[in-house]
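Some structures are shown below for you to check.
Both complexes shown next keep chain A, but they swap its partner, so chain B is in the first and chain C is in the second.
This part shows the complex of A and B:
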């Protein structure tokens, strides 16, 4: 089983990095995160300057005049982590939408699924490679925080979990356009259900709040990893894998 | 000798459309068996059920006694499949593609290298083994498809329309390759080309609108007026109503 998964994963990696999409997406993501991180850093420095300026705190450039909540974590890392997640949500479907849809469109799914490869192995290999791509993107974007503070925590789990909705979406359709539309819409809908809260009863609104991504994200940018939240994002990743698997099996019984 | 392929009462429906209707047939080991019929006759549907790509609505196909419905992965391990208009990865070199397929087939190390070498030699791919599949001619792409199908040396080779789009020389060469497998491999050949089936098949099954219209051996065909006459007698009228392309 491992040999088959590795063979498919190697093929996926080869195809991913043989196309310009991975490089365009990677460059766009690193550029966007760099610009926004730097912008937050500049704003933080300006804020520090203002607080430490004579006449505001009354203490001139005295360190003690800066309120404790004005710190690098709250002013740079937390908003940067939010931005990074959002950018990932925007750029990642460009890569993930092709993962299953391209196989169907080109007919190579017939080769894969008649060569003894189990559908769960197909889903596993394809998900593993796209996770690896996310890890590479995050590693590249982590350079900036690492330069500023070595203990930076970027909410890695959150960023991965935000994107898993793309994979099952792309496996449900042979149209890359439809896959992209679904891939963009599902994570954005899952992101926050606050917009629905006035239209539904309180228990339903509470339940929706429990499954919304944002509700489980709060502690990650502060570097706090809670088991409950890790399990939540792992469950979403598992559901994504399961949805891909189901789509492959349903295709067989068409 | 027991049959290599045993199809029993196989049907496939897509909503209200019956693509395959109660098809039963046997194929013997070492035989080159042709499936012939007009478009929509159910040839590719049968092949996709046999290879485990699709699930039959009713009935079952067995390969060496193993049911494709119950254990498709054991069936897939015993067959190689070159589908119509080979679906290959154009960005791979021939070598890389065969390494990939070998990996899927559980081959590795010296076993994989040996299998690739044999397949390349058998299909005459040595001059193009380092080239990207996307730049190869249709004839070479078809050979690559056959090479991957034979990589793990399966007892059954399933080939769907192998000569479509090939020039006459390439067609002759592919027929020679398929004929050369007789005896060592069972070949299930799905084709529109009556003369091709007549030239290389030991037996042919004529399918028409999902049903088995006739089965004839090469001797019976030669003793009669030929495959074309048999086709016109058994399928011709409906083929005219729904022209094959």
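This part shows the complex of A and C:
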């Protein structure tokens, strides 16, 4: 089984990197994160300058005029990590939407399902390849967090969070445009349900708050890995894989 | 028909986005609401159309496959949701921050255990989710909830906070308020130090009394100038001490009511009867913190302290190893980083937690008053330090390099404990032991320097030890100091060129190559 999954994964990987879309997505992501990281860095330097300015009461190491909460973690890393998560949501569907939809559009899905590969092997291989792509994307843009990544668990929660709904959505339709819309919609709607809080009762708002991605994300950029948050993202990723599998099985049944 | 749900999802997205863009202006208005409602309707219509167009499965085997797939999905979904719900109460976490910012220190854990043992009324930490610093504080507050059985967390956005907390909530800068039995106490900046200090204040049945000796040229307790001690007084009050001024120990109230007496560098002699009274008070188990300074000649040092085993020779410590990190790297400005590792006053301090002391008087040990007494040097300058007895020459920065013999790690602070037969003010057995801490500098506790490095910790540790409150020795202030160092302009620009231009450029060129190969 592992051999079949690996063979399919290799084929998917070759296909992905033979098309320019992977590079365009990588370029967009790295450029966006680079510019925003630089902006946070400049703002931090300006903030330090203001705090250490002689005109504001005299600065200097021994006077402790820079409060301890003004540091690279709070002023550069955490806001940059928040931005990076959103950027992944923006650029990734361009790649993930084609994973299943392209097979349907080109009619190779039937070939795939009758090739002796079981549906869960297909879903597993395609998920693995797209996760690997995100790993490569993060690695390409990881120069700046590399300084702090040993202190803060940046990144892997993105890998999981960003796949919410994207693969299963693209497996439900043969239209790449619809797949893209679904790929964008589900994670963005799941991102935060605060917009609904005025329209629903308090218990419902609380339950929605538990589901929303945003509330589960905050501890990772701060350098804390909480078991319950890891389980949350793992559950979402598992559900995504399960939905892809179900879609493939239903397609086979029809 | 599949475009209908797509259009619906776009409308939902626009509705949500427009709500976020305008919520500060008008709340949930008609435009976002209409978009969301219409979007949901389109999605439902599209789904219904797809369902109607469904022609069914081709046979019993297909139906079985479909049912099995759906059953597996339902079971998986239920398992995932169940796991998510169950894990809400799991608190296991891995704190990977450099200083373990979100892991409670031993002191806080010890306080929590003490609260649990005493069966005291539970303390509630009211957490304001909308506060400006809520993101910073959430993990820390959760750590208290997990580690302290007698401390509960109340999220003010989910359940109504107690009236006392509501009254203290002033601005969005209020993040955490601690309450116990209807009495509430604002925490201030939501750090572990401040939250634990609030727990201390609320849990203390009786505040230790700290008297400051005045009337002999001591540092002014109320002065807010750089050299004043208003910051020290505020710090002690914040830590639950009852701080008062004592106009000479011979005054009517005397030092008898004090748990700790602080003599902050008296510049003049005390009256002989005052010295005698202090001596008797110490014999009965009194506790005293003396801050000295080079050049001061009071009989408190030469008579009283000498009798209790401390020899404050007149001179100033000159240490060539003074850190170049200081703005003024004078050899008189000591970065003290050598501490006695097992003494309660100094055990939380180390090479990483330095104390800044400008112009420090050496504190040497003399003969012990009684054989059972214990005298210990607790903080030292480096082995390159020496004592210059010509204060004028030293202050002028003209100390010759080898004018006095190096004496090797001269002490800047020492502590003594003296088991005596009497009973202390509070009547506890432990209070029968007299205790004295002598520190050779007064400026390190001034308003200018009390917040510098770990000066505060040395002072609070001394006050807590003197008040027989070792279990609440000051928390080490956790701050990610290395990351306050700014990047240079050159480094920042280098980052920018590489990240925003060179790396994307390389990826784009690879993309063009892939496109060219695909065409070819």
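One rule holds in what follows: the second predicted complex is superposed on the first by the 236 of 254 C-alpha atoms of A that agree within 3 Å, B and C clash if a C-alpha of one lies under 4 Å from a C-alpha of the other, contacts with A are read in each partner's own complex, and residues count from 1 in each chain.
Simple rule for what comes next: contacts are C-beta pairs under 8 Å (C-beta built on N, C-alpha and C of every residue); 3 or more make two chains touch, one makes a residue touch a chain.
Note that this is a predicted model, so its numbers are computed, not measured.
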Chain B versus chain C as contact partner of A:35, first or second or both or neither: second
First, second, both or neither for A:18, with chain B first and chain C second: both
Which of chain B and chain C A:116 touches, first, second, both or neither: first
First (chain B), second (chain C), both or neither touched by A:235: second
Chain A: partner with more touched residues, chain B or chain C: C
Chain B versus chain C as contact partner of A:43, first or second or both or neither: neither
First, second, both or neither for A:73, with chain B first and chain C second: second
First (chain B), second (chain C), both or neither touched by A:252: both
Interface residues of chain A shared between complexes with chain B and chain C: 18-19, 252-254
Touching residues (chain side chain B, partner chain A) in the complex: 14, 48, 51-55, 73, 76-77, 79, 81, 83, 85, 87-89, 91-92, 96, 100-106, 108, 148
Touching residues on chain C, where the partner in the complex is chain A: 2-3, 5-6, 9-10, 12-13, 16, 19-20, 23, 27-28, 32-33, 57-58, 62-63, 65-66, 68-70, 72-73, 76-77, 80-81, 83-84, 87-88, 90-98, 101-102, 133, 135-136, 138-139, 158, 189, 191, 325-327, 333, 356, 448-449, 451-453, 477, 479-481, 483-484, 486-487, 489, 492, 495-496, 498-501, 503-504, 507-508, 510-512, 514-515, 517-518
Residue ranges of chain A touching chain B (in the complex, touch as defined): 3-4, 6-8, 10-11, 14-15, 18-19, 106-108, 110-118, 252-254
Chain A to chain C touching residues, read off their complex: 17-20, 22-24, 26-28, 30-31, 33-35, 37-38, 41-42, 44-45, 48-49, 60-64, 66, 68-74, 78, 140-141, 143-144, 150-153, 173, 175, 177-178, 181-182, 184-185, 188-189, 195, 198-199, 202, 206, 210, 218-219, 222-228, 231-232, 235-236, 238-239, 242-243, 245-246, 249-250, 252-254
